[in-house]
């Protein structure tokens, strides 16, 4: 077995020795920002000894827009369109968390129906995001076919978003106080059809990618996150679950209507790239199961917006809170501090990529083959914009 | 490595024998979803140019610009939003907040150009391919960023109100006032409509902030009768309030009251900081009504010596004698008047021009004269027998009540008219224990009285008989009673496009007998005191002055205002006339104003 | 934009240390000259329009809609549009929305490494007038101050359909021979460089990345 | 050892000067600790009380009172409970003990705070490397005195040709121009 | 002299035909791959346009003479390979410069192009080029082993070094094809062919997701056009060589097209289904099973066919 051997192989580099680039022994290469094998717009500064990476530094900031600063000078309602831009492929979690945090501080409770609609929206988003990712992991190991399929199916999910929210990528659907609209007519049927399509696709991918000798050879044993690493590195979400931790905010600290849904927390044991892919693949099935339940149980009438003050001069009482949700990458959180004015005092967006793409990546990359860096990067599932904001 | 892992990947080839995912012509085949947030459309006719969209846009993507062919008019600024698609993020907050719902989005999304300055357009006005598109984002009916319902004000129950002359509207509590003030979108469309051009959004803001002292200062910049206006203003501002397009407009009048109610009279001087520095010039003002006193206030503030001549024994004019105290309690009116007088305005009561003082004396003795004598001659019903002793004038009834005299209306009263005086007379009569029938020529919707007044009158048990035209008044069998003959009317559309006209139906006549009939169909003025030689210099129309700029007449020293010089005949217009005349007098006396 | 008077001397490369200066070329780029025979130029333009290699550089969030564009549902390959991983071989630069100053530096380098004739398409609102980030301290507001842009596609995000329409529009423009951004850049190089250097604080690269 | 957060805090109160304790919600407790004890306290929470996860660390700028309030958000996976540890530091003397030895990713946060607020964490790895910005030489941008709008306008320029009109002013000018001159 | 002039003329015709065919085949294969991915794919004429477009691009930068020579070596290798491979058996026009030892020369040219390319790419100074070259050469060395073993088996089997003679020996029915007479050699060669054709799982030397595009990272404009042309010629030459050696050659144009397409499809069918191996994995792969098969095929020939 090719992959079994890999794991036993030790790095030739002694990590304590300083790396002398002048010695001619090493090559320094930049993977990114203009590089097809990098997620989003970021860069890895790699030092190679032959094919082996001996040092890795993540460079971020190419997408830095200063969201936290901008949010400090926008009113509470004006922030709602901007937050979704923080994580491009997965904007809805930002919308939800921002809305939830503001609601908590302002003492507003969103109506039941809004909660169901939000849950549906979040789960659809999770599906779309995972589909993109699944394509990414295929593509990063050279299986471009999968990428073509999944991105297409993601587009079908985006069609649902377009119908439901009025936009494909930046939905701006979950507002503080509730949501913007109910479901359009016939949406449930179309949603079920898309879910069926995705489920079929997942079965195909199971055969094509997960039962693929080359994929196994590449992904098994790649980037192993040991159990001891999880807490000191702040690893969350599927990356932690693949290491055997049953941690899922949807189950541990249920928000929205997750306590009324029946789902399993998927975990893995191997904690390598393959296990992480497998966990996510399985979570997509759980997501589809959840969405079917939501479509079944969701109330179809009733208000979807709480009574709101005039948003033009909305002053939220002074306070601070931290609201979190389980996004595709793990614990996503909004930390809001208000001072009783019309503006935020401080907002901090806690994205799981922050640690996954920097501390974890820099650690795991060392000793890895240069050819595996792209796959390793993707397998950690990071979005640069949420790191630098 | 199992054989299965080697074989299973070839499953990809199944897809090769299926229909490709590819859409042949995506550009044509895929219009935006019915709810898609595409490019903006605006219904120019519905839009009022309030600029709320501009306010809420976090990207500064919207400019309010003039559109050819659209002029400002009451309740419409004539401006329309212009979008910069180098800024817009299609969040549709502007659509959500749009007060009239005229702003929408189409489901179009394709706009490609070589010139980045192209991406600017006035939605609805510029010829865009998506104008009039059926689909696109609209605000959902159940989704609101603005509240349509007004905060309810506590009021005396009708049955309670009937028992006394206690004030009916209780005023907002601080909480309620803040809540109501919160609904304001601060567009300022109301300012143009308010005759006094009060800084309405600014003082509403002070209510929201709880800074009533600042609010008072803002009020007194344009209106020294804030306590009064906060109760009985005709609030034309509320009619044009954009928030009212999808619900009730802001209770601007009540919010004004909310400020004044919270500042004690004693602190006015300190808060307003009015310091009088005499400048030695003397101005005479005729009539201590809202017009006269407001001119007195603004002139006095600038250091003029002001003498007010009032024919009655008390100041306030129509506010005192024409408005019953359940609407405007005396002490509230006094609050305003006392403050003006406390600045050193001299008021000579029971002094009537043409009787105690001659018009020519005023013109000669003073540097300028402001005349706001009001309308105090009731209009004639112009029917046979209207001089019957049991036909009372509405003004007289209100005057008597205000002066604590019994007008003697009896138990069964008919009020003719649909204005505020008619409503007041009716409600006063109800408080005297009478059964009241209101006869009006047109429909309720046509009544010039405030809707609240009509509503409260109805609540208090006045019977409304509309489309009723009085034909004759004659003696009843009982000498203390009077009989009226009236006929039903049909509304006939006016060919010239004016409002429908009632036409008497000769075959449907009614005859009723009442203890008295109160005629309240309007008032006229009396200008007999002006000597002929002056009279020739001044322009009149229908028994009223016709003032020029700054309320000045052709007789340069004479400025006029109030009901006798305008057609709206309400307190707020009189106040503005007084304020404006004060500006004019100041300019005139400093030589800035050249006639 | 006016043509700035062109001093044809060598580039200064003054952001570099003296040792490094030798490593980089200081020659000025020259504008593209069309073929002398008009028919040939027209034919080559037609070919160029039908063989567009996009540089795979997701500079901003707009890049997320390039994925659907390049995959099965929209399949821009049909129209001769395909991604290229290296700037040397690419001819179209899709600017994916906002450009932060840090990315702008990389955009400039990548753009200069692309071989002319090359075309720039700016996606979304941010390159036009700052868009959502008009008040951000780290994103540029008018992209055409730094790199000439041939086509703007508005939207946030522009959908894949409209990106496709943009590609077709670009093809039209190239066929007509009007897509001359690359020449504008070279002809006004000093003006562009001055703009670029004004906002890029640590200019430690050659004046023209050959 | 009890898992109840309140009793944990009570227990720790014996050794530490904990103030401003506030229970924001069932799973979030806010508290403040003096600068000197902070790292020891956080270590105690991590090692002794099972608050093993550092969700994030950040800072709040209270420019009016001249302090930065650092927030360390700790999480206990077993109790599903968060504790936000606040530490006030002087806005002028911006230095704080580093916690990169407790959590590896804290070094990244510290790098960010150094760049965005100018807070120094001596000993933190790669502290002075650029994080998001490149060659930034102004006031650290996240400090409240830094005005991003004027900075952006000065350097990046708004596209010209836009002009807007205030409805109120516009109506005033056209509908009642002579009523505008106030006394 | 006249004989050579005619030969050269014929060869140029063959070259042109093979180039066009190679480019078309490339488009067809791209469309086939696209079909698997659920889309339509590039137009048939796209490769031609790409080449013209690239020729019409400006050259901007110099990496030295060796850099420019890379694609020239490469295309020389491609043309050289083709020059000694008879395209259609029995046709004077499409037989090229066949002679008794042409197999050796063809083999040599297969290497030659790669090495030249490596030299030029290495000169570009781009680290990804260097990595790509290292991987490409490593993998090439690995897949050459089973390939050469298979060739040796065939040579032993037919006892000749002339491709034409090998083809001739396979005439007279399907059962005479090497495919059936010496299946082990064909298996080894086809496995090597997978590596040679640059489709997954053996495309690690171009690997667009890891090292942007490998050796050609710095190549642009006309050099890229040359390389694209070469890819068409070389691919066709290789396919024809495989056809000639293992699948009975072709006696007509149609047969040639069908056979080469079918051989190409083997690589494509595998390519669409798998991700790519790392270079160490692919080297290890080639040095195991295919090499063993290659050795077995020689043994097979020795024992069963000759013995």
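Some notes on this structure:
Letters A, B, C, D and E mark the chains in the order given here, with residues in each chain numbered from 1 onward.
Assume a contact is a pair of C-beta atoms (placed from the backbone, for glycine too) under 8 Å apart; a residue touches a chain by one contact, two chains touch by 3 or more.
Quick caveat, the model's predicted, so the values are computed rather than measured.
Path length between chain A and chain D in the chain contact graph, taken as the least number of steps between touching chains: 1.
Taking the definition of touch as given, a chain qualifies here only if it contacts chain D and chain E alike; those chains are A, B, C. The minimum number of touch steps separating chain B from chain D is 1. Farthest from chain E in terms of Cα centroid separation is B. Comparing chain C-alpha centroids with the centroid of the full set of protein C-alpha atoms picks out A as the closest. If you average the CA atoms of chain A and of chain B, the two centres end up 55 Å from each other. Chain B and chain E have Cα centroids lying 89 Å from one another. Separating the CA-averaged centres of chain B and chain C is a span of 58 Å. Rounded to a whole number, the gap between the C-alpha centres of chain C and chain D is 38 angstrom.
Among the residues of chain E, those touching two or more other chains are numbered 34, 36-40, 208, 212, 272-274. Multi-chain contact residues of chain C (touching two or more other chains): 71-73, 75, 78, 85, 102, 128-130, 132, 134-139, 142, 156, 159-160.
Within chain A, residues 2, 35-36, 61, 64, 66, 69-70, 73, 81-82, 145, 148-149, 152, 170, 208-209, 212-214, 217 each touch two or more of the remaining chains. The set of touching chain pairs reads A-B, A-C, A-D, A-E, B-C, B-D, B-E, C-D, C-E, using the touch definition from the header. For chain C in complex with chain D, the residues that touch the partner chain are 101-102, 105, 128-130, 134-142, 145, 198-202. Partner chain C is touched in their complex by these residues of chain D: 132-137, 141, 146, 148-149, 151-152, 155-159.
The residues of chain E lying in touch with chain B in their complex are 32, 34-40, 269, 272-274. Residues 159, 161-168, 170-172, 174-176, 178-179, 181-183 of chain D are the ones that touch chain B when the two sit in their complex.
Contact residues on chain A toward chain B in their complex (touch as defined above): 1-2, 74-75, 77-82, 145, 149, 152, 159, 162-167, 170, 172, 178, 180-182, 184, 204, 207-209, 211-214, 216-217, 303-305, 307-313.
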